[in-house]
Structure formats: C-alpha cells, structure tokens
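In the two complexes below, chain A is the common chain; its partner is chain B in one and chain C in the other.
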Partner chain A sequence: MEGRLFRAFHPLGKEVQKKIKIFMTISFNKNIYSLKAIKKTIQAYKNLAKFKVAEKGSYFKIELTDIKKEIETIIEDEFCNYVLSQVKE
Partner chain B sequence: MDKIKLNKKKVGFVRYKKFGDEYFITNEIGRYFFLKPNDFNKFIEGKLDKKDKLYKELQKKFFIKDDLNSEDLIDIYQQRNAFLFHGTSLHIVVATLRCNYNCIYCQASSRNLKAKGFDMSKKTAQAVVETIFQSPNPNITIEFQGGEPLVNWPTIKFIVEAAEKKNKKAKKKLFISLVTNLSLMDSEKYDYIVKHHISVCTSLDGPEKLHNLNRPFVNGNSYQATTSWIKKFKEKEKKDRSLYRLSALVTISKFSYKYPKEIVDEYLKWGFRGIHLRPLSFLGLSNKFKDSIDQSVKEFLEFWRKSMDYIIDINLKGRFFWERGSAIMLKKILGDIDPNFLDLRSPCGAGIGQMLYNYDGKVYTCDEARMLGEDIFVLGNVLKNNYKQLISHPNLRAVCQASILENSPCDYCAYKPYCGVCPVSNYALYGDLFAPNANNYRCQLSIGMLDYLFKKLQNDKIKTIFKKWLGIKK
Partner chain C sequence: MQIKESENQVLITVSSKIYPLEAVYGAAYVFLNRTYIFLDEKKKGEILITLKAKEKMDKKQLENLAGEFYNELLNYSLRNEISKNNQKLREYIVSRALIGALGEDEEEVELEKTEEEPEEKIEEWKGDYLGLSIPWEKKFRKK
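Right after this comes the complex of A and B.
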C-alpha cells in the first residue's frame, strides 16, 4: 500500500482545520480484487472522502482525498477490509 | 445420524468423524475422544448419566456444557491462539539467488554462480534489518536462505552484525539461523557462526546415491560436500554441548519413495535426533513432478507410513528419534501451547508470522510465495515501505482471509484444531487463493497423517513415545 499523508497548514490560524488536505493511495491487485467490489465500497464510503480510481499494471490504484478528519487514521484499514468483504461476497 | 438430535443445552462445541467402528470427536481447543456408536448417540442427545465415568471424562475435556469450566476453556483457547497477538517473528532473508547446486526440485528459482544482479546489496540489507526491527514481536528470528546464502557471505555478515547492533537497544530475543548446503563452508565461516551463535540447518536427502540424484553439484559430489561438514559439526557438538545442534532437512522426491528405512538410517548414522519427512510443495521446479496430485498423495503417504512405522520401531527398541512433522501435529493434539508452525495455523503465518525479504528488497508474504514469484504475494519493498505498510497491504489481508479455516469447509472437519491451509499452494495448484480447501492436495496429506497418528495414539506404548518427543512426562 502506498500510504502517503500530506497536511497543508494554512498560515492563518482559524482556517487550518478546513484546509487540512489528506491524500492517500491504496493499491488493489486485480487478480484478487474486482473493480465491482471496489466500486461498491466507494459507494458505501462516498460521504467520508473523495475517491478516484485508476489502473496501473496489475493494480487498481484508489486515490483518496478530502478525507473527513475524524476518520483519517482508520479509513485505510476500514476501506481495505470492506473491499475484501465485498470480494468474499 | 439422521435419527438423533443434538442436545444444544447439554453438549458442548463438538466436531466428529467416523473412525473405524467408532466416532472420533474433537472440540475447539483440540481435546479428542473416541466413542462407541451407542455412547456417541447418548452423548449427542445429552442422555449420558452424570455419574457415569464416560460423562466425567468428557466433561473434563470440555465436551459437556453442564458445569463447564469456562475460565479454563477460555485460557486454553487463548494459549492456542497466542500467535495472533505478537506480529511477525520469522524473517527470511534471501541474500542471493545464486547457487552452486542444480537440485531437481529447486523451489527457489536459483541462478548459477556466474549470474549477475542476484545478490542483496548492503543498502538493501540495511533496510531489511530496519524493517525487521519494526515488528512488534519480542522474538525475532532471522533465517538466511538462497540460492546458497554462503555465496554472498559478506551480506550475511553485514546483516548479522547490523541486527546485533540494532538489538542492543531493541533488546528482543534474537535468533539467527542459516540454511545452507555446506559446500562452501570453511573454518573461518564456521568460527564466525559459532562466535555469533548462528544455528545452521542443512539439506540431507538420504544415502549418497539418492542425495546426489536429488541434489546435483556442479563441482562434484554433493553428498560428500555436505556430509564432510556434518561430520565436523557433530564432532564439535560432542565436545561443546553449548553449541547449537546442526539440523538437517530432507526433501522427499519421487526417487525417495523406495528408501523409507535407508533415509532414516542416514539421519541416525550422522547423529541427528530426528527427521522431518516433508512432501514436495509442487512450487518452482518441483511442479514438474506433479503427474497427478492424487497419485502423489498416495505415494507420499505410503512412504511416510512406512518411515513412521520404522521410526516408532526404533523408539520401541529404546533409541530416541523423532519425526518433526508428526511432533508438530502431536503438540497440537496433546498440548495446550501452540507450536506456532506457520503452515498449521488459522490464519496461516503468511505475513503475520513470517515475511520473506528477497535479494532485491521485495517483501513476500512467505517463503513459498517467493517460490511462486507472483505479484499477488508481494507486500512492498524495504527500500520504499515500512513494516506497518507491509503488514497492512491489501494482498496480505486477502491471504490472511483465505487461510482462516473458520471461513472454509474445513470448519466442519474434526481435524480442524490440528490443521492449516496454504493460499500459495491453492494458487499454485488451483489458480485461486480461495480454492476449496476440502479434499485438495494438502488436505489429503493432512488427513492421511492425522488418521495414522490418531490410530497410533490408541496404543499406550506408542502414545508414551509420542509424549517423549514432546517432552511431556506424565
């Protein structure tokens, strides 16, 4: 998984919380994970972040931006587990 | 079975199978019992008399719900699954893919000695050590494999010393082992191994003719190259009991089936205290021996049973000699502490129990996975990723999920407490991590071995021998 976190702090104190931007990429191997399972998960998580799906070689690369602050530390694990549960189903 | 009804109020958790004329029952903590059909019916229907000896024995083994000692049951369950709470302990390092042997069953995609670009660099080796020590497990084993690891001796020394340095602060229980064919061993390397408390494991496939057939050596006789050093190691061990004992692994190929006694005799001859009779994995070059899986299972089990009968006979005559694969299963059958054998766990040890660091820094879920070389078992690269990123990789989540027995038909098998599945093997043989585990190659092997062991456990003399193997006195 390519977990990259970028925090952009606004120089003017008040707006700092709103301007926090988190960027994360998760890679799912096409031989294990279906695009359908990923899309279903994105649908379930659509209110928690913005998602962009790309393909690179044998991987689906899911880019997450504008992640809700209260879930920023857990979304990666939860999202991955949800996709896996969709694969199993 | 259709006519009897399970009394859920009185009967504890149970799995069962027909075993000869009797019923064999097990529960989640590995306790087992043989019941005559009549008693089995009474037990299932909750009709056993509380004063009856049988009732008390079953109750003691947590098969009866009445007055169940839940605290003890939970403790034992926790002990048997303790491996879930510690993180990766076994770290296999492939210092080089180059090798001076051409083993017919090579599973490691080895390259010849002249090949370029297959040695681990110091930069990668340093990153491997950093990653290893990020594991939360207080027990760390670093195991060098190859190719032939001694081909890249400078990197081995570099990792050993970097790990020792790192461990001065980390204070983990560090264990280092080296898997080598011994052909490139010399006294300087031997002294280094002793000084740094490195345990050594070699390969010995049996008598000279068989060993040389399985393990051709470009520069001559592989049997002589290996056994000349086995002899030296064993002589040193006799003089200094504090040294780690040299161990050896045998790989059973098709050519081995004719020699069940001779292979055991070879191990006795060199002073080994046991042997691990392992079937081929059908990964790498060994895949070409897969004429038909069912035939392979049949042939291997026939060979294994003959060898086991011979080993038991040796023990009955008073000499201690064990079969390691059986001992691992027996530990799960007769003990409460899981031996943490990574192939016989739920989930298996891939990633969460072991990681393999390839020469180029790529990290695989396990040794078997790099043999397959498939991208779906790659967790990242030590030059780019840290331990947390490796351990939480979606590929590893899937492999873990695929080896949880409770998620598969194995959950209905009476042997479930003693067994495990291998997603890598599933992928290699059936093209799917989630292949049906029931009745596949490994399943047939495990059932064959467990059937044999449980049959032998009904003989008190043999049961005593098995307990001796495990160090159980009573």
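Right after this comes the complex of A and C.
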C-alpha cells in the first residue's frame, strides 16, 4: 500500500491551492485477490473516488484519485477490507 | 510475528501449506469488523497478513489480537478439512432430501387438486312444483 501527497503550484512557484490533493495506489496480489472482487468494490466505492486498474507483474494496481476529503484517511483500509469481504463471498 | 505499535498493526506470516488460503480468508472475515486486513504473498507459499486495529491498541493488545487470529486460522483450517472429508456424504444427504421432497410435493399437488374440485350440491327432489317437466304442448293444449 502506498500513499502520496501532492500540492498544486502556480508556474511561478506560488502555491495556488491550499487544498492538498491526494492520490494513492493499492497493490493487490493476483494469487490472493480476484479481479472480480476488486471490480465489485470499485462499483461500491465509485462515488467516493476515481479508480484506475492496471496489471503489473503479479499485482493488480489500483490508483485512487479525486478522493472525497471526508474519507481520505480511511478509504485505503476500508477499500482493502471490502475487497477481502468480496473475495470471501 | 512483528508488532508495529506506532502504526497500530501486527504482521503475521503463515505458510499456505499449513493454513490454506480458504482458511486465511475465513479467519480474516471474522476480524473484518475489528481490524483492517491486508493480505500479500511474501514468498511462494508464504502469506503475509497485516492486521491493523481500528481502535488504538498497546503492544499487549496487539499480541492478543495476533493470538486470536492464529486461533481462528486453526479453527477454519479444521473446518475446511472436515468440509472436504464430508463433501460426498453431504452431497448424498442433500440429494436424498431433495428427491424425498420432490416426491412429497407431487403427492401434495395431487391432494390439492382433489381438494380444489368444487363439490356439486345435489339437492333432494322436492317435486316439480313449477311444472317444468310438463311439455309445452301438453300444458297449453286446447281443451
């Protein structure tokens, strides 16, 4: 699980937005998590962030952008838990 | 087992030969309401389980959490094993029950059919007091 913080800057170097824009990447092992479970979770979370799915080696890489401010601290963990619950089902 | 108290999480590594993936899923599912769980494959045949407590826990509590998880793993492994061993027997019992239920249903349908048929009420003959049985010619014959 990785999380990165970004600040938006004006070309002259001034900070134009105080709001911190966050995007994060979650890597799910293909041998443990199914793509079907991940897709179901994305469907459930579609109103909370934007999702991009990519495959890299033995991992599914999920990129989350435009995350809602109120849930940005917990979305990563909650997302992982939801995927796991879908795998079990 | 590795405890990261500052991150409120504990890392567990288990062998998939001892604890099958199904058992890991089962145990993880039980802990979903108390912890955030993330699974990964460390090496081939080794599953890394990250348990991150939803509420703040100290070292002792995190240790207990890991212990409980191990117990649940064992529980699900056994369940899995029993389930595999009894699979044929379960299938046989279910199929027998279904066949039995099917037979009963057919009987019930037949019974319902016979019950649904309306019973004709045959009233006792009280005589032709309206004179309906008398032919028209006979009734209105010119005398």
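Assume the second predicted complex is superposed on the first by the 75 of 89 C-alpha atoms of A that agree within 3 Å, B and C clash if a C-alpha of one lies under 4 Å from a C-alpha of the other, contacts with A are read in each partner's own complex, and residues count from 1 in each chain.
Definition applied: a residue touches a chain if its C-beta (ideal position, glycine included) is under 8 Å from a C-beta of that chain, and two chains touch if they have at least 3 such contacts.
Computed from a prediction, not measured in an experiment: that's the story for all the values here.
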| item | value |
| --- | --- |
| Touched chain A residues, chain B compared with chain C | B |
| Which superposed partner A:I32 touches (first chain B, second chain C, both, neither) | both |
| Touched partner set for A:E78, first chain B, second chain C, both or neither | second |
| Intersection of chain A interface sets (partners chain B, chain C) | 1, 29, 31-33, 58, 77, 80-81, 84, 87-88 |
| Chain C-touching residues of chain A, taken from the complex the two chains share | 1, 29, 31-33, 58, 77-78, 80-81, 84-85, 87-88 |
| Footprint of chain A on chain B - complex, ascending | 374-376, 380, 385, 389, 392-395, 397-398, 401, 407, 433-434 |
| Footprint of chain B on chain A - complex, ascending | 1-3, 26-29, 31-33, 58, 76-77, 80-81, 83-84, 87-88 |
| Chain A-touching residues of chain C, taken from the complex the two chains share | 21, 25-26, 28-29, 32, 36-41, 47, 52 |
